[in-house]
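Following this line, the structures themselves.
Two complexes come next, and they have one chain in common, chain A, joined by chain B in the first and chain C in the second.
Here is the complex of A and B:
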């Protein structure tokens, strides 16, 4: 008969208690989620974004994953709708137990989902621009790779002045960023002796003739379009029919190549667009081009590519695959000097070699303030010429 | 200000006339089958896509694409009725309405699966509006207005002069009496669903002609269609037309008076007022 000594019993008990974590370390996958608009107004972007993340994770899993664990991705559809987005986020957090949710697109969706994330210690990375998002009391539980509307609004105002406008008319649906966009457009326009009026319309309306009549009565020399693709399509048709001959300035995410292809050239010709620019020519940008099979990947796909790279490297550098681990370590890989990397594979190798990394990605340098905003971003200025978005400059 | 009001009224009458086509389909189905078919929005989208395919793939002119929109949406409506709604007939109107809502979501996503989320435009030149003094009106608007009126005239002739149309009206007026007179209820239901869904499809195509086609084209109209039918009196054919024109005008006029962001409120307020003051609607005979 074998008598178990006190020491043997303690070792055996400790081993038993440690077994679940050992099992996890050896095999339990790390769960991550994307919450992008696969349908609705953001539908042209969400599927490409989700596929980009899938591609990065497949590559990482091919070399053994992160911290010796495979990464399992769950992609959900926020339908460009806060209510649907909230339901999908609940599923990702409660059922899939993801450590991070990546890629929320519409500001209304991000605003709805963010509190759920920080309450459940799930890290959130977003491409939404509304100022109000990083002003939420998130305590470091979110970052965004999109410049906020303070910066975007100012750029729109400055560009409208540069285009020679004096009387601007801003037409937009009700979104969390409409008012702050207007507020930030005003100073450069008013400083140049111009004026701007706002009309908020219902994005679900099949015809906006009466709204366009309102705009025409103001006799603007530039109309600034602040909507998403479906409602801006309706608006552009009605503006054309109304015989408007002035200039049009819009977000590049609404007047995109898909919309330009769906409308007669007369309607879209000459429209100026403005958008945060990806870091064209960078290594990260070239990788996204290869992933999506397109020489001109959209800014949101570039941003979510950066987000998944940063999340995976943060887990590795902190040796912690939880939301808390990402929260605590993401700035250790995004900024602060070290080996410059533009993809997670190089980043993981450098981290394993004990080096400090500083990620510069496909969308830009990806350095974040304490509030979660990016500190630097270039803008891309295009004009529709002959049915194609034609680059004017990146600045 | 007077010019703005009159222009909004012109816009409203035209928008309302186009809205009347799917509203007629909705109310016809309600009159004969006694349940609100909320798949009507998705059926309008089916019609819009069918018309778009007819126009852009087969090169059909608008007058050729409209019957295609009617036919394909009619068949889709029949599928919704047979597969989703009819099995729940015994459970009452509420269950049938919920089944139609679910079937509409399925249809919408089938379209999304097949066509993607891209916006589709008909191969039509986009023309500048004609200006008459202070007012403007679009050639496409006028053509759509004419097509909507023609659809309504055809429906009226069908209901007035054809044997099947008279049978539909008989079942809508008094189902038991119609059955006693030998009307075949299964056939009448079948024809009603095809005609109702087909009208929704034509309405969807008319909206798509003026704007663009995407998987949510019809869904955006559902509240306005429902409000038009409730205002006119659920089940009343002339009521649906009057209700749709009234809703169209109210929605456009509200843009002048209120912040345009509150346009959707118009539909809800109309439903609330009608259900409170006159549940049967303007032309209805039964409170439903």
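Here is the complex of A and C:
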């Protein structure tokens, strides 16, 4: 009996969804694009992100799409390069006529592509963290699901103090967020009577022994690692070889399960990691786990999952599948109370039933300020023990 | 569709300018300049910093880029006087990397890895299509001027002397050519052209960052010049347009190949660039527009 009612409900909602298409007589497909790094430095992250979006869209198309129209996805490669990214974005906007571009990863690519998006009324959702991005004059044409560096830096500083460090040493390649991260780590550390030094290294170097020796000379209690997976792997090896016995603190997206598996346990044992927490245990996070077939999906995949869900629901709630529609309506589905949903299927059903929805996703609550930054984010604290990332707490 | 094509023609024009630079330095004079991206960056930064923060009008910014490129090219050339072939290639590659690292780390001067956004274009960007068409006209005219000048230079006695240096600099020196001076002149002019391309790129796209100036750009231009014919300005320019057309066409080709995921398509695109180059070198070693022998006057 329950099965029957569920099925009836499904049919009812499906026909509700199909109605606008009947009214329009024909439902031309809705176009969406992803612009993630499939090659280059972001290569380890982009392909998983693009696949995640594809599988969400396949699911939505399976029940008739959005507003009775099928959704067509085009995934382009930004080659982790602003010049190539710009050409790809031009193609997505002018040829595929996408309503939204999702998933730009490198901050430089996002900054290069953003003006193109707002000039052409195409919505942009990004996972780049540089503070400068939401400060661009974008007039609401972009949102990001990654907490900005101000917040991340402060959390790193507070945690380093909590771990009992006095002399911290921050090692990072030069990226758009390095300086601002340092600036925001400083106050909590200095308030606790500690000090922090910065060493910028070249991420392309095959050995970082000189840099590590320089760090050793400062006799730090805690070394904070600010790089990505490839350079952090090199750095960790050299830190181990140098016989360092203090604590290590790193981003969870660089010291990830893949990297821990590729290094001997001795090298990675005891590393503390910190990351904007995917909403562990939430329905959204479980779905991303299923989609990528991995118990520990990276934060970028969780974020792009939320982005595509939000974009699809914004189209449905505003009954407008254009970039302007997403721009005007995305905050109507991301925040402001209503039925809590963690995936677009439930969301579309609730919207069709005339309910207000408030999306809480795989990466967090996904509430945005006017500038496009997320308002709230939990952080996840882990430690590597015996080759496994072991959860300490989420706060 | 139209704005996409216009955009590609502008980008193609900028690549064609870079190809003119490489044609002069490498094709005609035999100086392998793997640091092209570095000179491209110098021009972009010179013009962007002056116009954005110095309030200088855009045409003056372009002139400043030309000067900056020429000076940088001259310095690199005189400091590598004894180097040819592979050695010069490595040094110039190192130079380009040094430019990129400096641009990333000297934040007070270049804005660091954040790059410089909102570079003025000298006309309102919200003109829409008109902005792109005017940009296309400007870039194409500048390319035409550089192309004409280069053709004249290459055909002149000066150009002949450069080719003599390329073939054998000892013979050229014995014949009384001032090899050092010729090389420095050619290299400085070539670098000024690359810098001009950089400045135009910055003003057109409104944003530059160190990450744009990766060796990938240099490699692409080498491909373009090899495809077109490295000793002729016409060949280099057409090679650059073909390169951009090819890079973009592979996007659409990859979409119609059945059963490949996005990441496989991206890999196929990169592989196809390599395959095209191999085929070209197998069947047309000297490019589509091979260098012509100049007949001795009767």
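List of remarks:
Criterion: the second predicted complex is superposed on the first by the 368 of 395 C-alpha atoms of A that agree within 3 Å, B and C clash if a C-alpha of one lies under 4 Å from a C-alpha of the other, contacts with A are read in each partner's own complex, and residues count from 1 in each chain.
Definition applied: a contact is a pair of C-beta atoms (placed from the backbone, for glycine too) under 8 Å apart; a residue touches a chain by one contact, two chains touch by 3 or more.
A quick note: this is a predicted structure, and the numbers were derived from the prediction, not measured.
On the superposed chain A, the two partners chain B and chain C do not both fit; they clash. Once chain A of one complex is fitted onto chain A of the other, the partner contacts of A:111 are limited to chain C, with no touch recorded for chain B. Of the two partner chains placed around the shared chain by superposition, chain B is the only one that A:44 touches, whereas chain C remains out of contact. In the overlay built on the shared chain, the residue A:202 is in contact with chain B and with chain C.
In the superposition on chain A, A:266 makes contact with chain B only, while chain C stays out of contact range. Of the two partner chains, chain B is the only one that A:258 touches; chain C does not reach it.
Of the two partner chains placed by the overlay, only chain C lies in contact with A:91; chain B stays clear of it. In the superposition on chain A, A:77 contacts chain C only, with no contact to chain B. Touch criterion met: A:174 reaches chain B and chain C at once. Where the contact sets of chain A with chain B and with chain C meet, they give residues 39, 174, 200, 202. Within the complex formed with chain A, the residues of chain C that make contact are 1-4, 7-8, 11, 101, 104-105, 107, 112-115, 117-118, 125-126, 128, 201, 205-207, 209-212, 214, 216-217, 247-248, 251, 255, 261-263, 265-267, 269-270.
Listing the residues of chain B that touch chain A in their complex gives 4, 7-8, 11, 15, 112, 116-121, 125-129, 131, 136, 138, 140, 207, 210-212, 214-217, 220-221, 251-252, 255-256, 259-264.
Interface of chain A with chain C (complex): residues 34, 38-39, 46-47, 50-51, 54, 74-77, 79-84, 86-88, 90-91, 93-95, 106-108, 111-112, 115, 119, 130, 132, 136-137, 174-176, 178-179, 200, 202. By the touch rule above, chain A contacts chain B in their complex via residues 39-40, 43-44, 173-174, 199-202, 204-207, 209-211, 213-214, 217, 229-230, 233-234, 237, 240-243, 258-259, 262-264, 266-267.
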